[in-house]
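Structures follow.
Two complexes, one shared chain (subunit A), two partners (subunit B, subunit C).
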Partner chain A sequence: MTQHREREKSTAPPRPALSFGQKWRYAPAPEATDFVAIAPRHELFIAGDWSAPRSGRYFPTIEPATETPLSEVALGDEHDVDRAVAAARAALPAWSALPAEHRARYLYRIARVLLERAREFAVLETRDGGKPIRESRDVDVPLAAQHFFHHAGWADKLELAFAGRAVQPVGVVGQVIPWNFPLLMAAWKLAPALACGNTVVLKPAETTPLTALRLCEIFRDAELPPGVVNVVTGDGSTGAALVRHLGVDKVAFTGSTAVGKSIQTALAGSGKGLTLELGGKAAHVVFEDAAIDGAVEGVVRGIFFNQGHVCCAGSRLLVQEPIAELFVEKLRHRIERIRVGDPLDKNTDLGAINSKEQLARITALVTRGVDEGGTLVQSSCALPNKGFWFPPSFFTGVSQTDSVVREEIFGPVLTIQTFRTPDEAVEKANNTSYGLSAGIWTDKGARILWMAARLKAGVVWNNTFNRFDPGAPFGGFKESGFGREGGRQGLAAYAKCTGGLVQG
Partner chain B sequence: MNGAGMNDATPPRPDVRKTYKLYVGGKFPRTESGRSYEPAGCAGVQVCRGSRKDLRDAVVAARKGLEDWSGRTGYNRGQILYRLAEMLETRKDALAAEIVAASRIGDEAAVREVEASVDLCCWWAGVPDKLNALLGSQNDVNGPFFVFSTVEPTGVIGVIAPESPSLLGLLALVLPLLAGGNAVVALVSEGRPLAGLAFGEVCASSDVPAGAVNLLSGLRSELSPQFASHRDVDGLLIAGAPDAAIGQAAADSVKRVRFAPLSQADWSDGARVRRLDWVEPFVECKTLWHPVAW
Partner chain C sequence: MITPTDFRVPPVDAIALETRVAELATRSIKKDAKKKGLEMVVAMTDLTTLEGMDTPGKVKALCRKAWRPLAGHPELPSCAAVCVYPDLVGTAVESLRGSTVAVASVATAFPSGRAALDEKLADTRRAVAAGAGEIDMVIDRGAFLAGRYGQVFDEICRVKDACGEAHLKVILETGELRTYDNVRRACRIALLAGGDFLKTSTGKVTPASTMPVVMLMLEAVRDHYLETGRLVGVKAAGGIRAAKDALRYLVMVNETCGDHWLDARYFRFGASSLLNDVLMQWVRLRTGVYQRPEDFSKD
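Take a look at the complex of A and B:
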């Protein structure tokens, strides 16, 4: 059937590719960095002050686009975690007893100052993590500020959020965040926790600690009471020490499903609160009646945003058969026009891969995809000589059992499969242990609602993709985790209802 | 009929005794293992000692029941929960007798337990058509998008009922899950299983779809690890204090796990059991985005 259709198509005249010749080259548009000084060494932030790690050990954080070291950062160990938890515990009674309106005021202050220093944070985020300045400037930093502002307003309205139920803070919260949205994830985690009257020990990702540490400067300037937020930098062992610390009442983790499961195992039987925001392998379903160019842009945004380092990335395209050939052709042309390179250039679409390790992981999975028989299509773009890079890529000719279709690649790599009926699309979309997000492109409203009701995913983007807002709950079904972040629903993770069930 | 009944020598009529069986997929099978046990509270009564295979069969049935139950409207689910209350009420005496037989508690206390179960059923019957009004939202976002969050059932939930109160405790755990649209596989009280198993008869006569409620009897120590490690069980709601072994086994498939550490008296305390946070962990919040444009 498919072959027959392809024969038909091949008799049609070839569709001319879009060509802009050489007249549409972009001149370099680098963002200035001279106003963002980076200290040569960063200490831990405990009890409102900077302090050296007990071990005296530090590790470098580098700029992934150039591989040059930016600074060295304290390697916190269990003793440092212990000090931080003690500081958070000491700060808890006063912070949770503060008039809610006053707690709100500190969060408003943080939101306002973060916006004042927005460009500085955007530059720092881009240098430390490799993401395009356009994204850190237009997405990460403004959303982070919005999270503080949004939750500031909740702090003195909790009795409205939990109507009919008495709530109290959970206590000392341990939070471990990933490297893909370092500042934004810190804001997602900190803002609701503080609004509900908790105190926090935050562990930023090993490769991207700088913006969370700079946020501590804002906490100091905002006169946030010492110990309310403590930041302990380090590697995986630091995070493990934090989530297993007996003095922590609740753990919030964003990261891989494997680590999430190990945390759930470690906390079993403790009665402690736990929220997990884990991996994903989102299906992006495009129907034949979709506005096709809009859908192409949406699919590109879905997988190439932030180099594909997005847990909710639309990494599996499911396109309806009648338009599959046309759609793939359009994607093939489109990825040639994705500008890959210097993340600090304001015209860059795809920045650097976050780390050497992540690049190796992506490369290994893509190699496996080719070995298993997939057809790899990559942009012919030139890649810089230094730094970590991977071109925009997609696979055709892959099936449900292939590694690249099943495993989270966490890079700029899309897989493309086809479907005939909506039922088949649902079947394929849900055939994964993940359930974080999904996308639907169609012109039919009734079909959107029919599909969305059947897709096992916590966020369903319809005729759009990768939208985030502090007012919109975000989180996963199935092995993508539990608990929500954002909105009224997200507050439940940080407020304890007296007399309720106990998590195990 | 022939005057024989008038004969003083006729022995008393032997009553027809009930065999207590499992309730799986709308049917009443015996355990596939062929094993039985005499519950601590019920001298002379043998009930099925359910096996791992029975649990697996029940999960398969629940997966089918889920499709039917979760596909109903909230109004329909509410009506069926109300029908459960009606059936419980009409069988009040029989259920009380089953509680008495198993628990050796007084008749009055047993009747009060059934009545509390009926009342709780009525309370939850009013919930399914309000779940999204109570737990969902339309979300204000910073852009031209229509964004709303709905709740959906988590899926197949394993329940381990308290030893006592055997009927009320079971219902306090099962009803919020049903109200949320989940299918349930429940292990009834090990020592006092009669009223819990009789609840299957109530379900079977109340338009509860086959597989939406499945009831097993057996040894808690034998079956709870199987509940925890079964990869097609999406969540666990367990009477008692948090249990590390259960939680660890459940982590492998990222199950939603909650414990209900209630005392005997707590189960009849409305403030403890008529709560939305008994359903919240077992519904999944789904957020839908759509651009607003022309």
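Take a look at the complex of A and C:
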């Protein structure tokens, strides 16, 4: 699929060219894995204890970088979901009646133990999901702990979050999380729910259940009361059983737009609360006055972070015409220097694609992009023989009508388009069915504000990208979903407010 | 074509720059890569003494160290150069005859640069006449900060002329320029004026070399090469004392500019105490144990 761009033949002397990696190669620097034992079999976590699925069925979870099985995991069905919801219901009265500062104490404890075991969680996350150890170590795990810390702080201050109103938990919450940030998404969902006094049934993604299950060990060590958090592993049918269960008061889902829509349909008229955090097709808007090398780094971070398996990934680059050629040239050099390979190597920048299915989807969309006339540029990096891999890639010569510009690829593939004026940039950036995030790259403060007011996206970053903070609400417009996670706004989905004159 | 008064440069985003530097600082350099890296650091070092108390005896000792950094290990490369004040160039040239080590001299009223232009040029010519193969000049920071960029440019051009065949390193003294945008602009001026090297600091001002500033210089010389085909070097000088930090600089070179610059002709460390830490690490890689600091010559 690699297409080398042909240089125009001319009699001019060869242009100066850079060369990388011929003189000094880094020796492998693999993170140790021997200290992270993985049990051959994982059961469901219900009412504070491990329990076998009623069906007696298990499914394998593999290491996407090598395709070797790591463990087998219980396949929960309706009956198991029923047991988990019953356990959560039984735990609810005592948990929600607990003095708020006591709930906070549990959350602080979870956060601290998670940091103590950070290396173990980072290794497990990387093995099960394929992401580089650099990211799981520096982003996923610390940020997950930060979410527990942050919401521990809110637990006894909810009356301040919703000024003058009485706050009660919503009840039993069903949470279904995706495979791209397995531990971090568990923390995003669990921390605010627990802080507000809810009890939870969590369903991790089929391909990446191990870190959420290991988190249950921390819940036990922290002596979290049985039933407050239950984890039911399984496939799509398990998730469907959870969101449809009549004992669930509120559903929170992060995942694909197609599944999100089906959940919303299923929940219509049920009276259940719902928040959805779905897909995205975010635009980077790079103006000619941008700090160009910083913008190149930001665009790289925006699309190649976590192999592009990021709902808020900046997958569409809109660059102003005067610098378009230079910018593409810089990107072409830059993707050659992205280190692709063993996710456990501390120097790896881009790890394995999460699953065979996802690789097939990325490959199909990229093939369609080429068929539709786009010019594909890919890194010449070598890819390992085993496992699921896709090189850093971008398309030039594409426009708003192309599939690769319209559809979420969820892989390391960027599309590049140009614009002439700020209005045109806004129009193109908003011309998508999604609206999760956007990035503005300019040296001009007034233009940042002008753009941010017009971009229809839940998060707008300026001169940076993919920065997360538990205090900043995260969520989307349009088909990217509704509801916010993080910050005071994120608490709203897990709190029932009564009294008071002012709407929270 | 750019006129000598037009030194426009792209803006620099401090957070983006520092984020990239911090990211590269997490690279893990082990085993063979570390050995190779340390050997490159030795070969790229301008062993420096720039003190009021310098004497011929001190300079001679430094020259021997630069020539053969570690007794009994001829497989280790010599340092790139010895860097001294102009009056000691003769001593250094004499001591290094027959070696590959170059003699670099600071000039142009180092370190402040506060002298009349003709004195700076005379200073330069004397150092070259005494046998210096490399001249480390300082730019006029006063003129730069006052916005007289043309004056800074002209002065570099004149010193370059005075250098003749000698290589010219242009010290920007980034610790006094303060902002990344200033550094980027000073890089542009020095590149257009014909400098053969961009050098961070005199070593007399804090902060001296920092990783973000060197990153910025690397980006500048890389872009200049792609624009003009002319290869200009970068010298990180002052404040680099640990082998670990030197390897981090090399990682920046490796992943920003690439192979052309992984060469003593195009990347240098200006340092004095760094060398012994590099040698200690290098010996540890061979023997598996750290030697005492006393086991390395302190010249």
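Definition applied: the second predicted complex is superposed on the first by the 480 of 504 C-alpha atoms of A that agree within 3 Å, B and C clash if a C-alpha of one lies under 4 Å from a C-alpha of the other, contacts with A are read in each partner's own complex, and residues count from 1 in each chain.
The rule we apply is simple: a residue touches a chain if its C-beta (ideal position, glycine included) is under 8 Å from a C-beta of that chain, and two chains touch if they have at least 3 such contacts.
What you are looking at is a predicted structure, and each value in this text was computed from that prediction instead of being measured.
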* To do: Please indicate which partner A:N463 is in contact with in the superposed arrangement: first for subunit B, second for subunit C, both, or neither.
  => both
* Classify the contacts of A:L114 with the two partner chains as first (subunit B alone), second (subunit C alone), both, or neither. => neither
* Asked: Is A:L224 touching the first partner subunit B, the second partner subunit C, both, or neither of them?
  -> neither
* **More subunit A residues in contact - subunit B or subunit C** => B
* Have a look at where A:E297 lands relative to subunit B and subunit C in the superposition and call it first, second, both or neither. => second
* In the superposed arrangement, does A:I177 touch subunit B (first), subunit C (second), both or neither? -> neither
* Contacts of A:K346 with subunit B and subunit C, given as first, second, both or neither -> second
* What is the shared patch of subunit A, the residues that subunit B and subunit C both contact? -> 463-464
* subunit A touches which residues of subunit C in the complex? -> 10-13, 15-17, 19-20, 26-34, 36-37, 40, 219, 222, 225-226, 228-229, 250, 254-255, 257-260, 262-263
* To do: Flag every residue of subunit B that touches subunit A in the complex, lowest number first.
  => 135, 137, 139-143, 145, 147, 149, 152, 234, 236-238, 241-248, 250-254, 256-261, 271-272, 275-278, 280-281, 284-291
* Asked: Which residues of subunit A touch subunit C in their complex?
  -> 15-16, 18-29, 134, 138, 289-295, 297-298, 329, 337, 346-347, 443, 463-464
* Structure fact -> Counting only contacts in the complex, subunit A reaches subunit B at residues 146, 165, 257, 260-262, 264-265, 267-271, 276, 278, 433, 448, 452-453, 457-464, 467, 469, 471-475, 477-482, 484, 487-489, 492, 497, 499-504
